[in-house]
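Order of writing sets the chain letters: A, B and C. Residues in each chain are counted from 1.
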Amino acid sequence: MPVTSNASAQAAPAAASQRGRGALIGAGLLALALLPLVAGASPYMLGLLISALILAGLALSWALLGNLGGMVSFGHAAFFGVGAYGSALLAGKLGVPVLLAIPLGGLIATVFSLAMLPALRLSGPYFALAILAYAQIFRILATELDWLTGGAAGLQRYPGLPTVLGFNLADRAGSYVLVLACVVVFALVYMALRRSHVGTALRAIADSEDATRVVGVNATVLKTWMLLLSAFIAGVFGALNAHIIGFLEPDYAFSGIWSVMPIIAAVFGGYRSVLGPIFGAVVIYLFDQVIAKSLIPVGHQILLGIVLAIMVLLAPNGLSGLVARFLPRLAGRGLSNAEKGHA
Amino acid sequence: MTELILQALFSGVLIGSVYALVALGLALAFGAMRIINLAHGELVLLAAYMAYLVESRTGLDPYFAIPLALVVVAAASFVLFLLVDRIKDHRELNSLILTFAIGIILTNAILLVFASDVRTTASPFLQDAVSLGDLFAMRSEIIAFVLSLVLMGALWWWLKSSWYGRAVRAVSSNRGAAKLMGINPTRIETVSFLVAGALASFAGVALYTMSVVQPATGHALTVKAFIITVLAGVGSIPGVFLGAVLLGVTEALTVTLASSALQELAGMVLFLLVLFLMPNGLFGARARRG
Amino acid sequence: MLELDAVTVRFGGLTALSGISFRIAQGEILGLVGPNGAGKTTLFNSISGLVKARGRISFNGREVTSLPLHKRARAGIGRTFQIPQPMHHLTVRENLAVAQVFGAGRYDEKRIDEILAVMELSHKADADAATALALQELKRLEIAKALATEPKLLLLDEVLAGLESNAKRSFMLKLKELHALFGLTIVIVEHDIETISGLCTRAVVLNFGQLIADGTPAEVFNNPAVVESYTGTAHA
């Protein structure tokens, strides 16, 4: 047994330094994320960053479902829109405090996702398109149920973000911090989940379903939890977005954009990692809004389509996969281990 | 009221025949490669815009665009196949995302070149109403219907009796065994994509003559084609035709009895109902469980 | 502890198992014998819940015929696959951890280490299961994974195949050790008559989906019907 004890003796400090490096990277990223506030970014730039972070949360939710649940969704707009309408209606019609209405909006999206449970037994493309169908149905329902949702004209009179302890969340800097905090919290939840035994089992289900079930794993239940969690996260960011922009209409809240952009962002950044989708969302959104739009005012999404196609063909593990492959020293053991999990 | 319903049924059958062409293209590519081509509707759309291009530039009848559409769309379909064929890992998921990306590229390329305006034929001859008893249709709809039936018959005959057709069926039912029989799957897949492109060309031109197109139509067509394959399975041409007619009729009835805003909803609800209540499709066995 | 009563499995028009009935007592090591295609793996699949069977399967006095796969694993039915099916992209240790957490409902790292040691996999504990293991190691992982679920009944599908005779003998000792150490009841699919005779207290013979003999290995292998079915495959 000398081999074993030797290996574990090496593994312990490596794991510790890995954790230390992880914390360092996390702190560095957080500092970088708060830089715009300190450096006094223009309101326009802050507005862009807020939208980018909303998209980051949505991309995180999409990637969680894809990576842990093994499901590709072409209809995340469904959860995003339901969360937005749920929160806006609770706050606007029932007077629920906004900061409570936002997580409740996420919960409502979760409840609506229960309607999608029958789709869980469908394989790949059938599941993807079934979710797309739900997104369309919800959009049409939001348009038709005008006594509740204001119909095609939409909702405008509902409260925005409040002031908490003298800190005005409704101004750009406040909104930025709030959305950033939500992204960080859900990223931490995702990381913890991925490291847990549940995460390990989910990783196994994707490629070896029978082998996993035969040792007692209930694949359906675990996938269900991932769908519910993904819906919750997407719903929360839909709700946040609703209170930040201050208006909702069905064609906006359930727009295909909210289904398409997270896919592009997550695939670009690497949907099998946690930071990939977040980083991908920021890069892709800023690229689209700042560069692509100025180059091609109408039809700028063609560039996103090209980026997506190139990534799938040349780097299917996204930027995080490239980083793990080409910067092994910088990334260290942590990322190379993570990449193993990705493959 | 009965007349309105009969008229809706009639219109539904006519548009359904064109949906069937679109869905058959999707089914061919799926049969050969086991991937859902999410850019297939955009290929149809590309053909429709070729018809618009020819009609608006030359003043010729849109049908004269068919040769151009065949070349352009088959080329696009071929390029698409080459790209999809490069994917080796996680083929199902990555090919779904890749074809989705190509769909975005095609939609926006069309938007860039042709703008977002709604287009349809300007030909009074094609838009003329013809009556069959109490039922009315545009001349273009009748032509499209006949064209679709002829093409479906040709496809049926081709799949049944040509060497390629047999090989396509062999590859789609058992890839490994087909290889052992000396069939080169890549060649078969190429032919399948080319034929899918040809069907898309005819469907696109027909659609332009009988309906309206805009850049977003492509995605909607992909979804319709997918719904039809869920209704019918991808196994048989008559099955796909019936599924397509069912979708066309459902949409037409919804527009007549409720509102045109609900047209898309009807298709989606039909899709989900069949998916959950009849997981084997309306006409037979299909594997779609994970 | 396991009772099969008229277990029948049909695939379309093909009858893979017809009316199989027998009982296994606590602590037995039962050899499941029969030519290829006799239905041995299908029997394992129906006991572990991978295929739906008609008839009645009870385990520890509880009917499990329509219980899903994962619940049977939790109830104490562990199995291996003839072609090893590790959980891909997980390390050996993670394979066992998942099996233990979900199959046995608890996490006990000490016991995982113990199983790794018994199955001689300690040195590969942190290696990727699917890519870094040799075939015989994968077969040991199959058993280790099943053990981690803390089964009462262990179904072993040709775990000794491909071993040369010395290795086979030491592996037989290993199985006897596991049997005693974990208080198991074992059903093992095996072709080799000597192995069955050396390992099992009882053997059941299947042919064309039917049970044709049941008894001690000596009785079974002197049964003319068994000899015939066996010489038949020996030539094939």
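By definition in this document, a contact is a pair of C-beta atoms (placed from the backbone, for glycine too) under 8 Å apart; a residue touches a chain by one contact, two chains touch by 3 or more.
Keep in mind the model is a prediction, meaning the values are calculated, not measured.
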item	value
Closest chain to global C-alpha mean, per-chain Cα centroids	A
Chain located farthest away, centre of chain B as origin (C-alpha)	C
Chain centre separation (chain A, chain C; CA means) in Å	43
Distance from the mean Cα position of chain B to that of chain A, given in whole angstrom	33
Computed distance of Cα centres, chain C from chain B, in Å	50
Multi-partner residues of chain B (each touching 2 or more other chains)	none
Complex contact set, residues of chain C against chain A	48, 50, 68-71, 73-74, 78-79, 81, 85-90, 94-95, 97-99, 101-104, 107, 117, 122-123, 125-126, 128, 145-146, 148-149
Chain C-facing residues of chain A, complex	1, 3-4, 7, 11, 197, 200-201, 203-204, 207-208, 210-219, 340-341, 343
Touching residues (chain side chain B, partner chain A) in the complex	36, 83, 86-87, 89-90, 92-94, 96-98, 100-105, 107-109, 111-112, 115-116, 219, 223, 226, 230, 261-262, 264-265, 268-269, 271-272, 275-276, 287-290
For the chain A and chain B complex, residues of the former touching the latter	66, 72, 74, 118-119, 121-130, 132-134, 136-137, 140, 143-144, 209, 256, 260, 263-264, 267, 296, 298-302, 304-306, 308-309, 312-313, 316
